[in-house]
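Labels run A, B and C following the written order; every chain starts at residue 1.
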Amino acid sequence: MSDLVLRGVRPLGAEPVDVIIVGDRILDVVAAGTASATRVIDTDGLIALPGLVDLHTHLREPGREDAETVATGSHAAALGGYTAVFAMANTDPVADTAGVVEQVWRLGRETALVDVHPVGAVTVGLAGVQLAELGAMASSAAQVRVFSDDGKCVWDASLMRRALEYVKAFDGVIAQHAQEPRLTEGAQMNESALSGVLGLTGWPAVAEESIIARDVLLAHHVGSRLHVCHVSTAGSVDIIRWAKARGIDVTAEVTPHHLLLTEELVRSYDPVFKVNPPLRRAEDVEALREGLADGTIDIVATDHAPHAHEDKDCEWGAASFGMLGLQTALSVVIETMLTTGRLDWAGVADRMSIAPARIGRATRHGQSISPGSVANLVLVDPTQTWIVQETQLASKSRNTPYAGMKLPGRVVHVVKDGRPTVVEARVVLDGAVAGSRS
Amino acid sequence: MDAGHTAGSSRIVLDATDVSRAVTRIAHEIVERNKGIADVVLLGIPSRGLPLAQRIAAQLEKIDGGTVPCGSLDITMYRDDLRMRPARALESTAIPSRGVDGATVVLVDDVLYSGRTIRAALDAVSDFGRPRSIQLAVLVDRGHRELPIRPDYVGKNLPTSLDEKVAVRLTEIDGHDDVAILGGAE
Amino acid sequence: MRHLLSTGDLDAKEAILVLDTAAELAALTDRSVKKLPTLRGRTVVNLFFEDSTRTRISFEIAAKRLSADVINFAAKGSSVSKGESLKDTALTLEAMGADAVVIRHPASGAPHRLAHAGWIQGSVVNAGDGTHEHPTQALLDAFTLRHRLRQGVGDLDGLRVTIVGDVLHSRVARSNVLLLSTLGADVTVVAPPTLLPTGVETWPCAVTYDIDEVLPTSDAIMMLRVQAERMQAAYFPSAREYSRRYGLDSERMSKLPQDAIVMHPGPMNRGMEISADVADHGRSVMVDQVANGVSVRMAVLYLMLGGSMEGAA
């Protein structure tokens, strides 16, 4: 008898099969209804995808445990269908040493719901002046491969060049938060006719595009790979498309909220819609969807940014930037890309699991649903809808922009390293130690 | 003043001639009562109290020869029922340059009903100064007083029931003169 | 009128109602008893997070003339300790039973939040929020224009109004462009390109960089305050160049039509956007603007609190 059988699942939307799991691996994939095991999860034709991988999440620990912890963030991630998340470095203290990244990594292992891959800061203290000990972080137990000053831009061209060159030694990648600081001083929302009317300082698209343009040329020049965080403008998509056409090794991500929401929501001055980069125009949303569909944008990454209540329940200018995203990401992608026919399930699997796993070198994730693969899987019911209630999310914070919205698709079961972490849309912790690191 | 139309009957109780006679008679009574028009100031309560006051002033001039100061007194801000409906637009207040101190102020309104409008007018006048006395002239007294207010000069006493409405029409505002009783039991 | 957050919320009919009401209430200043009983028992709170003696006193006089109780709350600016946050202050005011809160705040949208976040039940009057709007200023400007150039009656149809200065950072400009065009005026804004907001070409006004071009066809010219510090952020090279290209001096004033009026919301930067002799000249109506401010604010408070309050318990 094998350990676990997932009965009647549809891998990437194909015909139903039974998936047999032993230990942390898929043993076999056989005709539906024919397999048995100590434990069977009967599904009624749920879609099976490789477990989702979020290349851009903020878990806030250490430093802002009032907003989120590795544990609560892991809960939210698991319920969102994720089996791995990359935790950004703008914590307190900043994750710019082996010590801090190992601490975050260990906390992830203790919660044992998702593989937490700490992202290392590019510069010490995110100050943009001196390179952090990238090599030490790469060699640490956390095995950091993605480095980012996210929250801030590595704006010094010379420093960015050095960083791009340096990480080649250990197959690392610099993930840039593209925001020219001098063009965005005091910026509150997208720069547009609307910002002029609302009296809020604008964040012009050119502040993102000019950095991306510079960085793709730098990456090309030094022969490095580059990753661009949270692309938000049509112009940025054009630049990345141009770069890829020239063979430049650049990858890019888009957040779910930038696929769905526009700046019109800012009229309410409700800070739940305040985010960096800001919500933009309908034309930008359209270009981002197109870019994600044609592969110019490689992945969806949530930029999950929890904030304590008092940091959002105030006037716009005083509020923090950021939105929750882990639990709603797949539903938003189904709504904006699948239902509209821009991506099929294979495409969703690629953008939300396979490609992010590859970029982040999370080798145990994003594998095909076939014999020998590590069993990191999510089972989705695309026919169910749910209403987002901010008080009922697993995150410690409540700043979701989708409160009250009806979204399609429900994560029903999640298997990580062969063990169920979510059953019937509820987190299960069986106390077993998480599988070996990827 | 009630100006709305209601379903049911409508009967004219004063025609144009009656109105004109009433105005003339009121003017004579004012002269008689005050032994002349010295220190008399007329204040019409908008909307229809104002043209009535102006007509009375014109009559007084015919009778006595001198001009009587005539102005308007909007009482909206002094009403006791303000909080029952959304804020109302204001009408015009224009106190004659002579002021009201030491004057015999004659308030003029078209219909006297509960007396609350006049109560408000008394408060309003007091904020402008201290008249020697205040008198009240109305074209129609329809009864149903809710406060101890009584008119000094009445054009016509018109007993009415509570479900009836009294409509006063004046040429300056409505194009013709008459007084009608509208509605009543269905 | 439940809240007054933006002049964009008023249609022509509502705006004229405010002006007509203000016209009636203006006479109060000449009476010996400068009081009406209408708002007796209502509590109006002045919540000023920015220093502004002039506007605050104007609202205070307006509320007191209507017999309302006034509480003045002057909080420090937005760089404030958590204990004095806008939300905390609002909850305190709610406990005090404020019927209306008049708020001036450095953050655009703060009055909007106060009105809609569910912290208070009362009405909100925006007395200036960041670089967004200052509705009662626009109303008193419109009142002044109507009084001086339209015999104090009706709307501003066809009146040619020019607004000059730092439009980008001016809440007075935004409120005025919206209100004046609602009332039928032809509005033109004048500024260097750096001081015009993105998308100004979509505003209901004409735009030009050349002040001299529009002087002969301006029935009224409104000068906005320009801060010399803006040149640190390269909005213009120097105070000298700014005042030379955009300042109103006597020479430019002589190019205005005979009966044109000069307005300024105050405080003035004499020597920057306006020369001292123009500021003190009889054609300037700045003093009128201040007096009209009380009447207009009385009208707003009356219309908001004088009847049954929409949406109130």
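Keep in mind that, in the parts below, a residue touches a chain if its C-beta (ideal position, glycine included) is under 8 Å from a C-beta of that chain, and two chains touch if they have at least 3 such contacts.
Here the structure is a predicted model, which is why all the values come from computation and not from measurement.
In this structure, the chain pairs A-C and B-C differ in their number of contacting C-beta pairs, and the larger number is found at A-C. With respect to chain A, maximal separation of chain centres occurs for B (centres as means of Cα atoms).
Chain centres defined as mean CA positions place C nearest to the mean of all protein CA atoms. Centre-to-centre spacing of chain A and chain B amounts to 77 Å, using the average Cα coordinate of each chain.
Distance between chain centres (mean CA atoms), chain A to chain C: 46 Å.
Inter-chain spacing, taken between the CA centroids of chain B and chain C, is 40 Å. In chain B, there is no position where the chain touches two or more neighbouring chains simultaneously.
Residue positions of chain A with contacts to 2 or more other chains are absent.
None of the residues of chain C touches two or more other chains. Interface residues of chain C facing chain B in the complex, by the touch rule stated above, are 1, 17, 20-21, 24-25, 27, 31-33, 35-38, 302-308, 310. The residues of chain C lying in touch with chain A in their complex are 78, 82, 85-87, 105-110, 112-113, 116-117, 129-133, 168, 171, 174, 197-200, 202-203. Chain contact summary for the complex, chain B toward chain C: residues 74, 77-78, 82-93, 123, 127-129. Residues of chain A that touch chain C in their complex: 188, 191-200, 202, 268-270, 310, 313-318.
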